[in-house]
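Following are the structures in question.
Two complexes come next, and they have one chain in common, subunit A, joined by subunit B in the first and subunit C in the second.
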Partner chain A sequence: MGDNLPPALLTTSLVNTIQIGSLYALMALGITLTFSVMKLPNFAHAEYATAGAYAALIVSLSGVLNPLVIMIAAFVVGALSALISHLAVFKPLERRDVSFYTLILASFAVGLIIRYILFTMADYFNLFDLRIAIPLRVLFREGTLILSNLFAWVVPTSLVLVFILTLLLNRSPLGREMRALANNVNLARVIGIPVERVKNYTWLLVGGLAGVAGALWGLQTAVHPLMGWGAIISVFAAAILGGLSSFSGTILGAYVVAFSENTVILFLNVNYGVDLAYKPAIPFIIIIVVLLFRPQGLTKLIRRAGDLGR
Partner chain B sequence: MTRRIVYVLLIVAMTTMLGATATAQDDMEIYVLGVALPFTGSFGTFGQDFERGIDLAVAQMNGELEAAGSAIRFETASADTEQTPEGAARALQTIVQTTGAQVVVGPLTTSEVLGAKQFADENGVIIVAMASSGPAASIPGDNIFRVIYPPDTFSSKAFASIALERGHQNMVVLYVDDPFGNGMNEQFIKNYQASGGGEVASFGYAPQSTELSAEAAAVSAALAGFGEDAGFFCVCFPGAAEAFVQVSQIDPILTSVQWLGNEAMTSDEMLADPGHAQTLANADFVTVSQSADSTPLTPIFHADFVAMFDKEPGIFTNYAFDAANIAMLTMLAAGNDGAAVKSMLPFISNHYIGTAVQAFLDENGDQAIASYGIRQVAEDGSGFVLIGSYDGNTDTITYK
Partner chain C sequence: MTPLLEMKNLRKDFGGLRAVDNVSLQVPEGAIIGLIGPNGSGKSTLINLIAGSTDLSSGQVLFASQDISDLPADEVFKLGIARGYQEPALYFKMTVLDNLLLPVKDQRGERPWYAPWRRSWQHEEAAHAEAAVQVLEQVQLLHHYDTLASDLSGGQMKLLEIARCLMGKPQLLLLDEPTAGVAPKLAYEIFQQIARLRDDFGITLLIVEHRLEILFDFADYVYVMHLGKLLAQGAVDEIANDAIVREVYFGD
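Moving on, here comes the complex of A and B:
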């Protein structure tokens, strides 16, 4: 591919792939976790990310520019958004033993409600298309390779959070309980696992991760109530590539989607004149191809990595 | 006994009053003014603000009609276009089928206007758009009137002339891939090359995109390929514009060439970010947008808007106010009938002095007065400075 893509373009696109792939991974892991433990493909997930981004924006606009404080604020708001949506909507619906499809529809509704609460707030306080106030600057430049402080924030934060999450799931009592729920919720209840408490923690974790991802995404672009929704198809494509059950598959899926959106599309543009406006079609194509030909995703290819529920 | 008489008198008086009110309402003739705007989506804030401008126009008009003893009153019926062509068609259909409205103010963008066009033409509904400027909607004889903002056939000439004056031998264009962006891109290339400009590399981005890293990389590579004399022209929607500037800040090529851009790049949000402001200042960023010179109505509109809504009007909100006034004045003159309004609207429009510009329509029903301001970012990035003007009707640029 490098023969056909100018070196500068290839380098830049690969840096973008790593940066954006890390963001997708952070968001997609929450979707995989929700699906594994709650059996819910949660379309409101995007809104937890947007809520986190707005928390980060407001904290930064208040003058606090410490990235750690900003990320913690985003985590807390994302986590609370997820927990509230669980307690107010998903939990009551589960108690009524509604169908899988009803839960999916409910997740769309929850997403809409959060989105338009954010719209109302953004309209009132005029918070459209603003950027989290951490200045962007070049940290490293060597030839065509340019790395920014944003890259230095996004990639390590995502990797560290993914690592912590993996440790939590594989090595902690809470992680064991989550995996037990993922396997068989009734059996987990019978053996004394506090199912509701574990679910609450799961939602907090899922929302918190999404919130941090939203804050990092807000550094990459501009914060807007539709910000998370705009990324959700790419994020779902990543989770579906991972088979919606494997962490490692989801992470790989995130980088595959980001690679397609940043490097493959440029390759097609340079060599075949494919318009960049087709970029949003890529995640749809990935979803369709995976569901048609490999519905289990990439899980079998990376079986040795930490699958949930095995 | 006395109390009974008082009760009876009270009942009689109230009945008389209610009857009089009912009679007055029965005698009222209600004209419904449709409002089709994007209340959701990334342009939702524009839509909501524009609706306030229209509400102000309707409230003022009803006040004047009441004072004059007229039996006509205006009511609005709004629907969300969702910022899509399909949504605009649905919005128009909803308004017309639920209220019988014959005249609709809006939609906002050219793609929405074109989406609603078929329904409007087939059902005799008149569209009065306030901000659409894409050349694709310049069609003679149809039911679309774009009464305030002139088509981009003019501004694209100004951009091409400025690019050539700046000595750009070749250009790279990033444009939103919708009728507005496509039209501006095509017109710009045509005018630029007709005036002696060289090669133009164009990259479209999907209208819903707000992450433009790949696009920035492609633009940067194309600029590098053209060499030092190349310039960059950004035709972006709000949101995408901020996102593009964000990812451009660390690109050595994009930060070393001069930029041109449409007015979406000139938002307050853009300059609120010091990094964005500095990037645009370093790029000698220049934009061309319709002159919003002050008329006697401008401060009055502003004061009335603040008094009614307790907030400042947003950018272009007065265009919605003016479009609503043109629509209502035409309905008062021609009646609540689509065909009559279509016939009458150019006459009314051509005699209307608005809050920003004089309206005067061409054979396509588009604003024919093409007077633009040329603005450049101040050196410190603190704001946009008027550096000249462009008269689209004589194709003349004048610098201050």
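Moving on, here comes the complex of A and C:
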């Protein structure tokens, strides 16, 4: 990075990159998985994260402060919202053989519905901008850089979940069947793979991981009905960087997006006076550039075992 | 004795085209039945109708006296009817072994609450892999177990497809041109293995085939289709010497 970027700012931004990037990865993998297995670019995905964050918040407000219990609650609520949106909306639509575009619009609608259910609930119980109340402890302090126990929760949890999901996909019978569905769903049906069941399982996994991502997000910032929606473009940018088909590409994409949003913008700000307010434009720029020049994403560049369609 | 598979007055229209026109045929248990006819005569459509991949326009399909006319492909498969395709349909980006493990029913490791705990399903997986190894031995593909399906030769792909059918322990196997695009020597071997499936495991076979010289060596009974209709049927030597069949098929 440039000589003009103060080291303290650089380190803080890099820590943010790792933290935010891990959360993006957790959500973007879900989008890649729904897109590959279900052929659905799901814009409601962000709301599973918000639902998970609210589940975590409510559990923590009820006095349970064990982070593990909080994460499990977030997983369950995220998983159920995903499964319900599949059973109530996406599956009936698929049965009617609607077009790809109808499904995209439907996913926007599902997102809106979940978001405003959460809004109504938050309004009624006055649950805006609250932080999940796990007590804060400072683990490490060096100049302006402060690492709290939240960092110790967010990063390892996301990384471990990403790792487990990758193993699951590549090494387990469930993953084998998910890869088969991603590859050729008609053949899957003919050879007796329980297609509907595998789809349900996929939704549970994807929604659960989004829920946990939302809870981790709520740990480090605050819980708000728009928090998921605010991240969805960044998360899609990460998934598109992965070509919407590659696991390793999506993970790398998540960190690239987080790096651009945290470190690159800071570098541009310090050196060229670019206003930090342009930060939200970064994921859009990434999406446009990738779709124009490299629609297959980073897949071919890395070629690792994580690809769904390897 | 009632036949294992019975088709009654099957009819299939694609728009204005009648692809299968009032076809009735019977497949007795343990038989190898040939289905021949020029291109476009409706043979593959007939296979699709039985397997549930295409909906019937009218008629009835009975399997072991059960009406399967309206069942979707996966239900038909569960009842014990497996099929192969003219163009082998495989998961080309997976290994031979993975291709065989996919159709195994009710795997523990396909449930998300077991899947992350390898220990909970690896025992069962090993047993399935053992079954797959036996099937691979039958079709002589064992040394290719770790090969990507896309790296197999055309004939080996056909054999892998048959092996996958066997994993489901089918009673009836529907094969659509099992030797299409396969070298003549291997084609004969494929048929020898098909015959062994019948002899050793009692699997009944309905085979669409263009290589009559090989089919006639193995089939018990042959149906001839032409323009969607059943043109003739009979034992191999009757069909081989039937004047009408020769005219339609060979243009004699």
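To be clear about the criterion, the second predicted complex is superposed on the first by the 303 of 310 C-alpha atoms of A that agree within 3 Å, B and C clash if a C-alpha of one lies under 4 Å from a C-alpha of the other, contacts with A are read in each partner's own complex, and residues count from 1 in each chain.
The rule is short, and it goes like this: contacts are C-beta pairs under 8 Å (C-beta built on N, C-alpha and C of every residue); 3 or more make two chains touch, one makes a residue touch a chain.
All values reported here derive from a predicted model rather than from experimental measurement.
**Q** State whether A:290 touches subunit B only (first), subunit C only (second), both chains, or neither.
**A** neither
**Q** Tell me which partner A:57 touches in the superposition: subunit B (first), subunit C (second), both or neither.
**A** neither
**Q** Report for A:180: first if it touches subunit B alone, second if subunit C alone, otherwise both or neither.
**A** second
**Q** By residue count, which of the two partners contacts subunit A more extensively, subunit B or subunit C?
**A** Between subunit B and subunit C, B touches the greater number of residues in subunit A.
**Q** Counting only touches as set out at the top, which of subunit B and subunit C does A:37 meet: first, second, both, neither?
**A** A:37: touches no partner chain.
**Q** Would you check which partner chain A:205 touches, where first means subunit B only, second means subunit C only, and both and neither mean what they say?
**A** second
**Q** A:254 in the overlay: touching subunit B, subunit C, both, or neither? Say first, second, both or neither.
**A** neither
**Q** Applying the document's definition of touch, where does A:191 land relative to subunit B and subunit C: first, second, both, or neither?
**A** So A:191 only meets subunit C here.
**Q** Thinking of the overlay built on chain A, is A:73 touched by subunit B (first), by subunit C (second), by both, or by neither?
**A** neither
**Q** Considering each complex separately, which residues of subunit A are in contact with subunit B in the first and with subunit C in the second?
**A** On subunit A, the subunit B and subunit C contacts do not overlap at all.
**Q** Taking the complex as given, what residues does subunit B use to touch subunit A?
**A** Listed in rising order, the residues of subunit B that touch subunit A are 40-42, 44-45, 48, 177, 203-206, 208-215, 217-218, 220-221, 224-225, 238-239, 242-243, 246-247, 249-252, 267, 269, 272-276.
**Q** Which bits of subunit A are touching subunit B when the two form their complex?
**A** Per the touch definition, subunit A meets subunit B at residues 6, 8-9, 12-13, 16, 19-20, 116, 119, 122-123, 128-131, 133, 135-138, 141, 146, 148, 220-222, 224-227, 230-231, 261-262, 265-266, 269, 275-280.
**Q** Which subunit C residues qualify as touching subunit A in the complex?
**A** Contact set of subunit C toward subunit A: 51, 53, 72-74, 77-78, 83, 89-91, 93-94, 98, 101-103, 105, 107-112, 115-116, 118, 121, 125, 164, 168.
**Q** Of all residues in subunit A, which touch subunit C in the complex?
**A** Of all residues in subunit A, those touching subunit C are 164, 167-168, 171-177, 179-180, 183-184, 187-195, 197-198, 201, 204-205, 309-310.
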